[in-house]
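Below: the structure, in structure tokens.
The first chain written gets the first letter, and so on, giving A, B, C and D; residue counts start at 1 in each chain.
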Amino acid sequence: MSTLPYDDQRLALLADRITANVAELAARGWTPATSSNFSERLDDRHAAITVSGADKGRMGREHIMVVDFDGQPVATDKRPSAETLLHTHLYRRFPEIGCVLHTHSTVQTVASRLFAGAGHIRLEGYELLKAFHGNSTHEMAVDVPVFANTQDMKVLAAQVDALLDTQPLWGYLIDGHGLYAWGRTMAEARRHLEAFEFLFNCELELRKLGCRG
Amino acid sequence: MSTLPYDDQRLALLADRITANVAELAARGWTPATSSNFSERLDDRHAAITVSGADKGRMGREHIMVVDFDGQPVATDKRPSAETLLHTHLYRRFPEIGCVLHTHSTVQTVASRLFAGAGHIRLEGYELLKAFHGNSTHEMAVDVPVFANTQDMKVLAAQVDALLDTQPLWGYLIDGHGLYAWGRTMAEARRHLEAFEFLFNCELELRKLGCRG
Amino acid sequence: MSTLPYDDQRLALLADRITANVAELAARGWTPATSSNFSERLDDRHAAITVSGADKGRMGREHIMVVDFDGQPVATDKRPSAETLLHTHLYRRFPEIGCVLHTHSTVQTVASRLFAGAGHIRLEGYELLKAFHGNSTHEMAVDVPVFANTQDMKVLAAQVDALLDTQPLWGYLIDGHGLYAWGRTMAEARRHLEAFEFLFNCELELRKLGCRG
Amino acid sequence: MSTLPYDDQRLALLADRITANVAELAARGWTPATSSNFSERLDDRHAAITVSGADKGRMGREHIMVVDFDGQPVATDKRPSAETLLHTHLYRRFPEIGCVLHTHSTVQTVASRLFAGAGHIRLEGYELLKAFHGNSTHEMAVDVPVFANTQDMKVLAAQVDALLDTQPLWGYLIDGHGLYAWGRTMAEARRHLEAFEFLFNCELELRKLGCRG
């Protein structure tokens, strides 16, 4: 009889799904040098999240741990990533969010530095804008925020929260750091992540071609 | 005894061939975020086509459906993509067309935006122009049209039809959206698709190198 | 008792080696849209070469044929590529040449167009120049010729021959078309091919970075 | 009873680990045309290192040899790479260094040429700076030195040694040549190598986008 404060069968299912998805993202080079972290909602008080510092191309169940929504470890002596709070504040605030993915691709990092001064990247006129849940047309614009990097995750979480008071959002960049993207399910979070990567890349390429201001 | 209005053994064959080819294109990153769709001619009134919204890297037979040449589902409650009409109007008009492929690579999307103002991309002086059926020399030019994006597929299909009245064509771009390419067989459509991707990429690279207007 | 004018056991060995190597090059995207062709010396009068028009990612023994050094088919009704003569004139002239590889990567095609006006690409100051047989230092320069494209292979072969009268050479580009590279063995030809691709790419990237004239 | 001056069971373990890691790096295209070399510390007088000239994508135990810290072969007639000394002088000087990796990616080579004049590449403001052992914040700068290329490895080793007298270092570039990176273990050296590659690539991309001086 389990005395754990969560369902350990569901944890095992999430751990397998997270590691399978992380392996695919690692194979694309989006998790360089043991960076990046990934989570899924376990229940209304817990999330399953990757441990700090592991090689994202070689993960197993032992690299997934449970945290509460304050970002504190639950029933484990594993060490969560410093950025765990950036996952859990989303789970606490939005019951419909089921998955948060944080990656460090070259495109995401370069875009974050290029647009840090402006504070956002505008995405406009792309068919793939329909990939974001809630959009049914390409005839709209999405401004993806770029936050300054900081080692103080509470400050960053508060900035994200303040922005979420004013607009819906499926992701944001941190300057010199990478992308956070989320969704109601792993599949939706993956779709949002791929759409951001693709659209940022298009914007960078168009600038190299002299096509933007 | 099948009462279906089409040959279901041929459908099974096409479904396997389409999913195998789509998996290869997905692995190249040409179908980001569940975008893109793919079809083959089933007979003189029907086509087999990918269903809407599926992850193109994880497709099975259940993701292939039958539509008539008005783009309407046949003997299924599956939902076709909004863009199905852009496949079927080609099958109806040209009995020799056997396969239509629609992809969203970064190169295709960036080229579509860069050349949307001009309305076409001129491809000239490349050996690979011989990859297009009917060309036997590199000493010619091909103008690939770029259409404005729209949510109204009937408008787009009519524009494509009007252009086909005036010239032969193996593909076109839609601004901010991607490429349609076709051929008499899957192999020929794949060859045309790869040739377009390669030649668009060369044109973009040459512009980055300061080699074009 | 074989009445063939060549050793068919050696042909089988070459066919397997060629198809294995071509599959690797196809996987890198260097043989788009059924382009490119590949050969090895069979004996002092014959070469084994890929047939015309096949998908380079799906080749078997049946896609390899025998030609004499005039580029004519031997003991087969298969059709050789139009460019066969560009392989066989090298085998006839240089008994030490054992393998000729012709590929169409994006980098090769873009470099050929960028440097067609100058007639050559200068490679200088790279450690990888030592990859070319006969070079023992990076303190030298290699000028890789770029020839105008033509459908007349005899003209092109004569131009290559004239240049070979004046200098040693392990490869050349054809404008808008791609690279020919060769070596004493398949392994050496592969090494030369990879070194050309790498060094051309460096030169293109340096130009994008504003580092060349 | 082994009379070898080293532990041959440990050698076998290192040989398998080196070849497995080299295969992964070769698959990324970081070891073009049989370039690059890789080593691990065997004990306080010996290192295991890749032999000269092998195809890095097809290595087995027979491609790993033992050298002493003068770079001389031990108990073998295999030929070490000319650059062996650049590995062994690090092992001699720093007992904590366990692994040295030398690669030739396009990004590394292009960066080395672009920054050869300045003599270093400054990396600043990137979260991934935390990937280097000893760094706990992104709020710092790392200057990666770029040395002139030379065929005289003693000269180069002396230059590296002189710089190591004045600052800690996890890697350096050689102009037109590639990167040396190291760490206490293979895993750490891989992490440092990937971080250098990623950060150099970001710096190059930002320059293409007009974002640096």
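Here is the rule we go by: a residue touches a chain if its C-beta (ideal position, glycine included) is under 8 Å from a C-beta of that chain, and two chains touch if they have at least 3 such contacts.
This one's a predicted model, so the numbers in the text were calculated from it and none came from an experiment.
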| item | value |
| --- | --- |
| Superposition rotation for chain A onto chain D, Cα-based, multiple of 5° | 90 |
| Interface numbering overlap (same over half, different under half) for chain A and chain B | different |
| Intercentroid distance (Cα basis), chain B paired with chain A, Å | 32 |
| Length of the line joining the C-alpha centres of chain A and chain C, rounded to whole Å | 46 |
| Multi-chain contact sites of chain C, meaning residues that touch two or more partners | 208 |
| Overall pattern in which the protein chains touch one another (line/ring/star/complete/other) | ring |
| Contact pairs between chains, per stated definition | A-B, A-D, B-C, C-D |
| List of chain D residues in touch with chain C within their complex | 32-35, 55, 104, 106, 109-110, 113-114, 149, 151, 174-178, 204, 207-208 |
| Parts of chain A lying in touch with chain B, wherever the complex brings them together | 125-128, 131, 137-139, 187, 191-192, 194-195, 197-198, 201-202, 205-206, 208-211 |
